[in-house]
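The chains carry the letters A, B, C and D, assigned in the order they are written, with residues numbered from 1 in each.
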Amino acid sequence: MSAMPMRRTWLRSEAFLLAVLVVEIAIFSRTGTQFFSGTNAMEILRLSVEIGLLAVVMTPVVLTGGIDLSVGSLLGLCAVCFGKLWRDGGMPWPAAAGLSLIVGLTAGGLNAALITRLRLPPLIVTLGSLSLFRGLAEALTRGVDNFTGFPPDFLAWGQGYLGGVVPAQAPLWLGVAVGMTLLVHNTVFGRALRAIGHSPEGARHAGIAVERCTAVVYLLSGLAAALAALVYVARVGQAKADAGTGYELLAITAVVLGGTSIFGGTGSVIGTLLGVAALAVLRNGLQLSDQPGELAGILTGALLLVVLTAEVVFKKFSARRRGSSTLPASNSPSNPASS
Amino acid sequence: MKRYGRELSVTASLGALLLLLAVVAPAFFGRQQLLTTLTAAAPVLVVACGMTLVVLTRQIDISVGSQFALCSVAAGLLARAGWPMPAVILAVLAGGALLGAFNGLLVAGLGLPSIVVTLATFVTWRETLRWWREGEFVKDLPDRFQWLGLGQSSGQLFILLAAAAVFALLVYGLRRSAVGRFVYAVGSDREAARLSGIRPEWVTWGTFVTLGALVGVAAVLNAIRFADVDPKTGTGLEMQVVAGVVVGGVAVSGGRGTLWGVLAGVLLLACIAPALVFLKFPPQWEKAIQGAIILVAVAADGSRRARR
Amino acid sequence: MNRFLSLLPALLVLALASVGCKPSAPDTAGAAQTKTGSDAAAPAGGGAGKALTIAFLPKSKGNAYFIAARQGAEQAAKELGIKLLYDGPTEPDPAKQNEIVETWITRGVDVIAAACENREGISTALRKAQSRGIKVVTFDADALPDARSFFVNQATPEGIGNALTDEAARLLNGSGEYAIITASLTAGNMIEWQKAIEKRNAEKYPNLKRVALRPCDDLKDKAFAEATAILNANPNVKLLMNICSPAVPGAAEAVKQAGKAGQVKVIGLGLPNENKRYVKEGVTDTVILWRVVDLGRLTIHVAAATARGELKPGATQFTAGALGSFKVSGDNVLLGEPFKFTKDNIDQFDF
Amino acid sequence: MNADPHIERSNLGTPLLRLAGVTKSFGAVRALKGVSFDLRAGEVHALLGENGAGKSTLIKVIAGAHGPDGGELEVFGSRLERLDPGTAHRLGIACIYQQPALFPDLTVAENLGIRLEPSTPWRRIDPTARRGWAEALLQRVGARISPEAEVRSLSMPEQQLVEIACALGAGARVLIMDEPTASLTRREVERLFELVRDLRGQGVGIIYISHRLEEIFALADRVTVLRDGESIDTRPVRDSEGRLQLTESELIQCMVGREIAQLYPAPLRPPGAVAVKLNQVGCTESGVRNVSLEIREGEILGMSGLVGAGRTELARVLFGLTPADSGEIQIGGTAVTIRSPRDAMRHGIAYVPEDRRRHGVILEMPVADNLSLAVLRRLFTGGWLRASTERGMATDLIQRLGVKCAGPQALAGSLSGGNQQKVALGRWLATQPKWLILDEPTQGVDVGAKGEIHKLIRELAGSGLAVLLISSDLPEVIGMSDRIAVMRGGTVVSTLPGGSTAAQVMAAALGQSEEAQ
């Protein structure tokens, strides 16, 4: 009962998303061949780890009122770096993996520096680094290099199953998810992020190190992209400059679907997890129902609009019934101090 | 002077790039090349003008690429169905306005965040088109389609004039008409606008409709350069346009920016790709350079403001 | 509140149900609920009583090339009375291909026929499929040999590279500058073709010189802009070689608008329909491609035969029904040489 | 636009505006429960009431920003079902809100143009003509502002003058002013009063809202008191011979419906040792230079000065928001470096900022979260939040400060201004500071809450805190301070003893030497 009104908001969007998920599962269990099975559940889990990692760490970024469009490109860059260090640099894979994480952290640091030091809007900074990181990945490989043939003990992280059932990357994913949930909801840091999201100036006046906290979320985002890159390479077995193209949009979709406000301040990691699940189940279920892939895209967009609209309509509805505790004048979203 | 700092710095960057080209590769200024570069940039500029309106009201539309593809395919299909070209243009313009109106309805009417709404419509329209057309070119277009049947040089002239007309109209409208000021007012302070008797919802909605219509116009201007329509056209257009608008100095927080800056921004970005060919740059560096230019352009402005 | 919450999912049920329950696309030959889970594990030898399910995986959907291949595949499916699944990534993406294969494994299909975006990338998933009793054949672009039974080989990268280079040399009389327009710098098969072209160029035509290589993002409009820039930046370029299909009409349009038709030759890999106009106008000289529809058709025949045990390793000849007889070399079923579409024959083809 | 303020004198005395039984609810909150009100031409009608009494809602109804739920609304003799801002504007109702509703990105002329030129969207703008009449209007209100200046660059009083110019230009027959003097200096207030009297003379009806009762007596013809969304009473201020008919305490009692404590409580203890010493502190960026000061334990140092004299800027320097680049700050006898708010907090400094809604509290967060925001690290060692600890702390503070809210989980935005201010103050009390900087702590706070906040400040000083009280409310500075520092041009020009007169303080603020008087 740490924050009742906020908790109530989470519960609302989470409950709704959960309902959507149940509906999806109910339908696909009827229409999809082999959909309702433990194996398939594990496959869905396995295939959603990369997007999940990006989305879960995107949540605190969005909570501060920011956005990170560069994660997909950074995933590509880190994958390529990992491949290059391992193959051309002759490094053992754990060392290459460690260095790739540092690359991710550095790239996140570049975003963080531009956003916090120069006070540039995150949307623009990461739009630029989206191009930059992808470009560096292409430049590094001249576009043509494709790193493959990774050692089996590395590939086991993305292709193996623990006890023959649980995908090998699941524990890592679970760890990050739980860690981020605790970080965002149960720590002083998470509270500071919310304050920044609602009002950066207000947070500064309360003695919160706004710049440092903001920088940390972009660093985390870079780190998550690098981690996702490793999982990606281990799963697919190759590292190429185009890895992760478009993942940023999927991650943001999951975050927003999960009820996190794009204006910052409100949202939950649990919601994001449900969002990732709703998207993954939708794709998987449609395919098992022998429906074309385009439909998944169309329904993803539609789902996003339905959920958002429902939220707004519900808010109006409940405000009329229960009586609103919000100010009548504060209907315009607070503007993150940008530009 | 300070107020137009970004416009000047972008224009200066553009000037520097052109100067470099003039020295290293004068062939860039050949008539044919210049015409192609400009006619290719014209549709982008038209969309960017519309995007400027939207960004000025503190919104964004990332579905323009998908709208553009839908409009292009529609133009091709209608022309093939035997519609006269003026009717095709009008229909596509109306169709674009309709798509924009849908986004606008969700954003202005329901108050949903524009970036999310247009992310959703971006995916939905693109996938719908792919499902419907399966990537097939719209072929066998009548002769009156390419260059509107005017022939190449008149057609190119038409495209440039049309884009220039749209640009001039919007520059004039933004500076000299009351609605233009309303757009700035809504982006500057929405509540104050409401209290001044402006209806921000309608202004916002209007900017989305205008953007949609302009996307329709741009789609036609782009499509008539060719003899058939690629349904994948417009992929990545949203990034090009948003980058041009932002590099041109329009603040994403709304209320600030001019179309002249956007013109410079769009031209700068439009020149980079052909310039790299002329400067014999290895192609794999292209994206990195584009990203770096965007970052440097905004960072220069940002550091100037941070120092102030 | 509860009433409200339950309302929207209900609407969503309707929306999903309306698309989820009816086979709306023409690619599903039968209703969705025909199969049960036990089929997946059953030996895929398949009696005549049960329709085979063959999953057909293109590199990307919405690409005219694979649509043509799918035409052939559907034709073959009708001939053989099998159920055909067609799905692929919307953009060429090895990770998405893996995802789709994984889902097909879960779903339980009998055969997977895949055009591999990336050899190593997809092989893991295909091996997994084989281990679950699913037969795998590849077409268009191969996987690793141990990840599939047969590869329907329309042309090797060398074959394509050689054909393109030879054609370029023929048109330029063995010497001159040329430029290549590709889809993207990262597209797997195009990288192989580029290498083959470079090799052939170096070995046989010392006077041919490639002066530019530009990506067009698989977009015709961008190919046009790139081609124009190449022509103006390199006035000595006498030939544009386009190794992705949208680039061929794009480059042809650029040459035409530059008024250089005839002076600058245009060749490339592309579909006849997209290029008819330019070939007939004499802007594009040669379009090289195999008969894609036949490729799709043959692939399904090979897939079905593999599943039914009619095509076994060691065979040297394979008869694909009405399509005719094809040579089998090792585990490659050969479609035949690349085909050159020119002014004289292009009207005979419609794909 | 064509301003024609010369209303026929015959209109004088007829009601411009009449409201009867107007109600308005937001959700379950009934902001107006039945308000009757009328405004005659050529009068200044003051609207009084505590915050939350419904004044803001009422003027928004009149200005068309909110549609009423029920009741009658009559404008210039004709009944209206509802009003939107555009219509109100056309009818000649102008409203100057507390926060000027101007567009920061546009120039003054453009701002005036948006409201004064015909509202048809599709018309051409003539910038030259616009500049001309904008300049004329600005001159009429005595503002020395360029029409080409961006509003962003104007000070608060300048922005207010633009608003007034706007109302003038619109030929407003009804002018609503919501606390127009809140951020004005005395001289600016005088000029404003002149303007208001001038407008009254021209037959404009003025609705005037202020918490400063002395202004009401100086300016108003009639007073209507609102309490809890109802109009309690409407009375003339003077009788026909010009004698005052009301007393301050009568009004206050009418507003709060009860007796309130003395507005300025007496000091509880004499000042102790020097707690804070500033030595030639300066900051180029914010224009603060060579500030030297001493504050003792338990002392309230009032800080007066004109707007723009650098008072808030100094506070921001001391709190590390714009760090000092010269001079020395000593706390408890040792020199300290303050480069960020965190540094400041480490040294026991607390700063309750001027702009409550933007800086003081975070409106979208619950009261409890707001109260704990500055002490998160101390409250939760190890960084883990514990709901019960937070709730306990918040409940304590809420009780101690007498914050009226639905509970620790109520959103700060749902509280009235005075209670928000208490939360902002409470957040810093939780840090157990040694030195408290208060920047306009009672601005926009109603009388009842004002007295409570003053009492609280006294108690805090009594417990040994050094308090720096920045305020533009002269009686407050004089009534509360042990000593008064006066700033001008970014530096402290003089320090006056407690009990100085308003005239002495003003003289120092304006830079007139006492000899010259």
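Convention: a residue touches a chain if its C-beta (ideal position, glycine included) is under 8 Å from a C-beta of that chain, and two chains touch if they have at least 3 such contacts.
Source: prediction; values computed, not measured.
For the interfaces B-D and B-C, the C-beta contact count is higher for B-C. For the pair chain B and chain D, the distance between C-alpha centroids works out to 45 Å.
If each chain is reduced to the centroid of its CA atoms, chain B and chain C end up 33 Å from each other.
Chain C and chain D have centres, each the mean of its CA atoms, that are 71 Å apart. Averaging Cα coordinates per chain places chain A and chain B 29 Å apart. Among all residues of chain A, those that touch two or more other chains are 138, 141-143, 292, 294-295, 297, 302.
Counting partners per residue, chain C has 61, 90, 185, 215 as the residues that reach two or more other chains. Interface note: chains touch in the pairs A-B, A-C, A-D, B-C, B-D.
Chain contact summary for the complex, chain A toward chain B: residues 67, 114, 117-121, 123-125, 127-136, 138-139, 141-143, 249, 252-253, 256, 261-263, 292, 294-298, 300-302, 304-305, 308-309, 312-313, 329, 331-333, 335-336, 338-339. By the touch rule above, chain A contacts chain D in their complex via residues 1-6, 185-192, 194-195, 198-199, 201-209, 265-266, 319-320, 322-328, 330, 334.
Against chain B, in their complex, chain C makes its touches with residues 61-64, 67, 90, 185, 212-215, 217-221, 224-226, 228-230, 232-233, 235, 246, 249, 253-254, 257-259, 273-274, 277. Against chain A, in their complex, chain D makes its touches with residues 26-29, 66, 321, 340-342, 344-345, 351, 353, 358-366, 368-369, 372-374, 376-377, 380, 383-385, 387, 390-391, 406, 409-411, 413-414, 427. Partner chain C is touched in their complex by these residues of chain A: 15-16, 19-20, 22-24, 26-28, 30-34, 37, 39-40, 43, 46-47, 50, 138, 141-144, 146, 148-149, 155, 159, 232, 235-238, 240-243, 245-246, 283-295, 297, 299, 302-303, 306, 310, 314, 317-318.
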